[in-house]
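When the chains are written out, they are named A, B, C and D in that same order, and each has its own residue count from 1.
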Amino acid sequence: MANIKLSAEKLDELKAVCKSFNNDKGELINVLHKAQGIFGYLPAEVQEVIAKELNISVAHVYGVVSFYSFFTMLPKGEHPVSICLGTACYVRGAEKVIDEFKRLLNINVGETTPDGKFSLACLRCVGACGLAPVVLVGEKVYGRVAPEGVKDIVAEYAK
Amino acid sequence: MAKYKMHVLVCGGTGCHASESDTLLENLKTIVADKGLDNEVQVIATGCFGFCEKGPIVKIMPDNTFYTQVSPADAREIVEEHLIKGRKVNRLLYVDPENKEHISDSKHMGFYKKQLRIALRNCGFIDPENIDEYISRDGYEALAKCLTEMTPQQVIEEMKKSGLRGRGGGGFSTGLKWEITSKSVSDVKYVVCNADEGDPGAFMDRSILEGDPHSVIEAMAICGYCIGASYGLVYIRAEYPLAIDRLKTAINQAREYGLLGQDILGTGFAFDIELRYGAGAFVCGEETALIHSMEGLRGEPTVKPPFPSVSGYYEKPTNVNNVETFANVPVIINKGADWFAGIGTEKSKGTKVFALAGKINNVGLIEVPMGTTLREVIYEIGGGIKDGKKFKAVQTGGPSGGCLTEKHLDTPIDYDNLLASGSMMGSGGMIVMDEDDCMVSMAKFYLDFTVEESCGKCSPCRIGNKRLYEILDKITQGKGTRDDIDSLRNLSYVIKDTALCGLGQTSPNPVLSTIDNFWDEYIEHVTDKKCRSGQCKALLQYFIDPENCVGCTACARNCPVNAISGERKGIHVIDQATCIKCGACLEKCKFNAVFIK
Amino acid sequence: MGQVKSLADLRKIKEELQGKMSLREKSNNPESLVQVKVAMATCGIASGAKQVMDFFIEEFDKRNIQAIVTQTGCMGYCFAEPTVEITLPGKEPVVFGYVDTKKADDIIEKYVKNGELVEGIIPVNYETIEKK
Amino acid sequence: METIKLTIDNKVLEVAKGTTILKAAKKAGIHIPTLCYLHLHDLNIENKPAGCRVCVVEVAGRRNLAPACVTECTEGMVVNTHNIRVLNSRKTVLELILSDHPTDCLICAKNGNCELQTMAQEFGIRKLHYEGEQSTYREDTSPAIIRDVDKCIMCRRCEMMCNEVQTVGVLSAVNRGFMSVVAPAFEMNLDHSVCTYCGQCVAVCPTGALTEVDHTNSVIRALADPTKTVVVQTAPAVRAALGEEFGMEPGTLVTGKLAAALRRLGFNYVFDTDFAADLTIMEEGTELLDRLTRHLNGDKDVPLPILTSCCPGWVNFFEHQFPEMRDIPSTARSPQQMFGAIAKTYFADKINVKREDLVVVSIMPCLAKKFECQRDEFATNGNPDVDYSISTRELAHLIKQSNIEFNALPDEDFDNPLGESTGAAVIFGTTGGVIEAAVRTAYEVHTGKKLEKVDFEELRGMEYIREATIDFNGLPIRIGIAHGLGNARKLLQDIKDGKSEFHAIEIMACPGGCIGGGGQPLHHGDSSIIKARQKAIYQEDANKTIRKSHENPYIIQLYEEFLGKPLSEKSHHLLHTHYFDKSKDIKVVE
């Protein structure tokens, strides 16, 4: 028997989430949203549990997780940095902002810094086009970010 | 009940929210209470005003004063000066860019003058979290009218007569769609609202859901009545937390009032709505993919027919309409199909909401009658091109659309004209580009998006779009040939002809449209190895002007690839073959000797 | 609020609510309505402008007159406070001085309803308050 | 029946409503190329994701091209299957697929047997106009199957087989866009998954993305080792299919040529798994009767129905997915393993060869057999009872490499004592065969009467779930049969829910049974081949003089000389096994 490692508390929480959706496999995406809310990401063990609870194959769960860009199997940094790559932001220079973050944090998009402080991701249009280009750090929105402003944003969280 | 003498409306849309409008709202409320005005002044958060460029927006009624770019710190002045002393805070008023005058009534602003707000009628006017405000604006009147005075078929006829077409992009007649679903025989049917707005740079659906969620709920119930469904689902992007919250609140309020649930308005009609979340897949805007996603599957589209109207959610007849389409429905029922059909052009009735963005002065959400010209939208509403640059193109229809250029400026915007011009209506993204934008790069940007968002099911889209992207990339790297342009064309036509779903079939549009409209630019890229906008870095060349070079060696020392040679105090030269165009020399030169050509 | 059980219920609720919203509805198109601006600077408030403003709001409501009552800063006629500027649809604004509730009643009955002039008009040569 | 008139390539034809363009065209003798589409008509399996877009045709009045595989004909439709627009699109789409496919055809396991390669050849592809990055993935080698998904073209056939037909659920499309591919969860290796190694994914893969682990070199090495005595056993379904690899008509029996070929390959003893199949009937049949008698005598703890256990894919399936029911299947080992156990004890002693010096090779229609022979419980001191299991396809390669002209071989017999078999053993190769063989023996043992008629037609056929009642002299025995693991799941669920009324159930993992196994010559979507193999199997049975396992003289001799009687202690030790709980358990870690 292969074991899946999860703490009792988290396991119960996860099972309760599945139950709240009647263990209905049609609710898989809703369940995954909640699970990612609890764990911050969707490690393999979590997907195994969900598969078991909803009575579907793990491959199915992973097929769904790997399809949707909102779901991730990698833990995010303490301060997840997301740069909007909607057209409005692109036209107003978001690419240069990304490059600057990559340079300063020395990581690529989709990666987390070795100290676990920052992770870098791209988003598709957060709808704040009036503020383009837009950067999110966690929930906080930074509008009209110029490449020169990037170091200030990083400094704000680097402490 | 307090009888307020003044209403302070604070924009609570995502754009303004991002600029701390929530703190501003709190500040206003606190200060109003401190001053003992809370019985006279009501401070409320509304949906988006549309004028996102100038957010956060605060509107004061009844003075009809429109404040722009208000920061939380401005709250005190607004309360003390305007609310107490009746003096408008001039520095927060909108300044007319032409005559530099302060304008306080939004009606007189260029941005609003040409607009006609039907779908957005309540956005920026009511508190979206208060069903009473919606009801007082004829809310649920249309539902009541349908349930008590009209048969489902009559409502369908009215919808058909109105000429309303799907606002999600396809432009299919809404009434006809309802009719087909109503005629599909099944014990269970579904109404689905497609709120998976994924076009990069489009946010009209989100604004409606945030600003006027009840209009969508009401319309879904009307649709349910017409087609014989008692269950509705809203498929909404998880990236829209605010819209989700507002929608949930609204659904709960409607349930409390008995406007959702069993026996609505005593007519025996039952209808309820649940939410399903998207998870970041553009293709889920395609209705079959959306339905699969709602079933907990990968969002892969399937071949139509069967259409969802016949076999949709769990193989039951399902009517899918998008948010903006639904938002129009209650107004049509209330004011009549004839009124609606009186607006717009021959085949495109009513208005269309656009998200205006890019190199334009007034970024924001606008709603104009069909038939408005691009010139009116860009120059009158949009306030022209940013920084006085030259207009180059406007991209409509997002990654499925194409570019419209100078020659299309006076074309009235409607479904058919846009299609004829090589673009499409799409969901309403409108991105304005100026002379600094490279059209090859623009096409590449959209293909990058499509490659990222392709579901991978069919080979033309999965591999073909990747190849399109690679060829475009090659061209922007200065390695393209004339043959590449032909390849782009052939491949584009094949993908359009063979891809499985709407996403794939339209994905080459940005390529074809830019080739058609900006042929010269493509040729320049491949034959002259030049990018006139300067956006393609690889096509730039850095030079040192011998006139200005003093031989300080700063450039040579900072060049990461040692491409610069020259003696101290002598003139330096850049070896073009070695140069990687990083721009370090330009940055380091204090004597303006480095220039780009 | 309880359940809405019928169309009649819905209409009733709507009517009740409309009073609340009319302030916003009306002010979207002030040109077609009677506009009343009460000067509410320090001098105005000191001489009872607030009571006058409340009076206007309540009476318009009672007498079913579609009007917008707003406050404004000092009009510069401190000698004649409280001052009130009235704009009838399609007409030039008229400023009344020394307005108390009795005078206000007069203004409503005579000027607003019938267009008859009332004593106490301040001859003005300004354009509008806004442009001052 | 409602019909529709349409025109395809200027031919007017009338088809039933609901007919696709592809099927209508086929009827009119027009071949439209397909790649992802798969229709195993006789097994009622259809895969039509409409993903490859190779089958596009032009339909007059339609904006874009229509995929023929899923587009239904409509009244008055005018279809053109090969004008320049269609040909250009089709060719470009194929070029695109090839542009994301390795071009190592010459050293690919599927060389010469690849549907993509065949199509490229038919289309006359000489140049790829659109080259670029290729999607690449980690290669995964399990005990039985190799996944080289760089070669995956996303036809989704394997995914459909694994999920819809077999309900094993190991494979799913994963990722999105250019990187999408079919893989197990977390793109981990198959041996970390609940894969049963049934090989049905391999059986339908049009390219070299899914292939068997090739053990032919190990066999060649063993044959070349002078210190080894190499024994070969060959499963019943092999003789009904091997001929296809040498251009013979499907359904041609090649038993004699097979024995001849094996002898020429250098095997010291050419035996038959059929012998072990007869042995299986002795053990399993006796177990059935034992359980039945105890049950009838009121022992309610005896689990019924008894389930067959000779299919290793099926064993893997219930160990992973229904571990709580692992006391229901018969404990009898599969014929392959019974053969190995007897060969390395009884026979090794007989010829006076040490166990370590005896190599047992099996020729199987199956890929799960590769895994089965590697199970720890089937080895003694690390020496497996069966050393190598190779598939029918691998044997064909082996014969071809060894310069043996198969078609010209004479018919030869198997060697004794482990080469003699009855008709009952032969039918192990098809669905319904094991249970029919068991009934033949159990009936006579139970009733003490001789069977008038050994053909139990009611147990034969291709229907997925079949049931029949056999009269055991007044005692009605309810028999269930399922092939395809999805159907097995249905029966298992019934048992779990207490709804099953069967005394015995035969289960085969592969649709059709072993004749449709994952190691058989590829059918390329033509399911009539599987039917022809079934016919051949029953024909072989009918040709046999002895048709009941308990009448096999060498089996009788084996019991007399070595085992004693069925279910004896020695039998238990050598011929029976136990099952494991391989389900994943959620363990809490503090």
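As a convention for this text, contacts are C-beta pairs under 8 Å (C-beta built on N, C-alpha and C of every residue); 3 or more make two chains touch, one makes a residue touch a chain.
Each chain and its UniProt protein: A = NADP-reducing hydrogenase subunit HndA.
Only a predicted model underlies this, so the values are computations on that prediction, with no experimental measurement involved.
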Chain closest to the assembly centre - both centres taken as Cα means: A
Between B-C and A-B, the pair with more C-beta contacts: A-B
Averaged-CA centre spacing for the pair chain C and chain A, given as whole angstrom: 54
Distance between the centres, which are taken as Cα means, of chain D and chain C, whole angstrom: 90
CA centroid of chain A to CA centroid of chain B, Å: 23
Chain centre separation (chain B, chain C; CA means) in Å: 40
For chain A, residues contacting two or more additional chains: 56, 63, 67-69
Interface hub residues of chain B, defined as touching at least two other chains: 281, 298, 455
Residues within chain D bordering two or more other chains: 173, 175-176
Interchain pairs in contact, sorted by label: A-B, A-D, B-C, B-D
Residues on chain C engaged by chain B in the complex (per definition of touch): 1, 3-7, 9-11, 13-14, 17-21, 23-28, 30, 37-42, 53, 57, 68-73, 130
Touch list for chain B against partner chain A, complex: 14-15, 17-19, 52-55, 198-203, 206-207, 238-240, 276-282, 293-299, 314, 355, 357-359, 363-364, 395, 398, 429, 431, 433, 437, 445, 449, 455
List of chain A residues in touch with chain B within their complex: 24-30, 32-33, 54, 56, 63-64, 67-71, 85-88, 90-92, 123-132, 134, 141, 143
Chain D-touching residues of chain B, taken from the complex the two chains share: 281, 298, 300, 302-303, 305, 451-460, 462-464, 466-467, 470-471, 487, 490-491, 494, 496-500, 505
Residue numbers on chain D that touch chain A, as the complex places them: 163, 168-176, 183-186, 193-194, 581-590
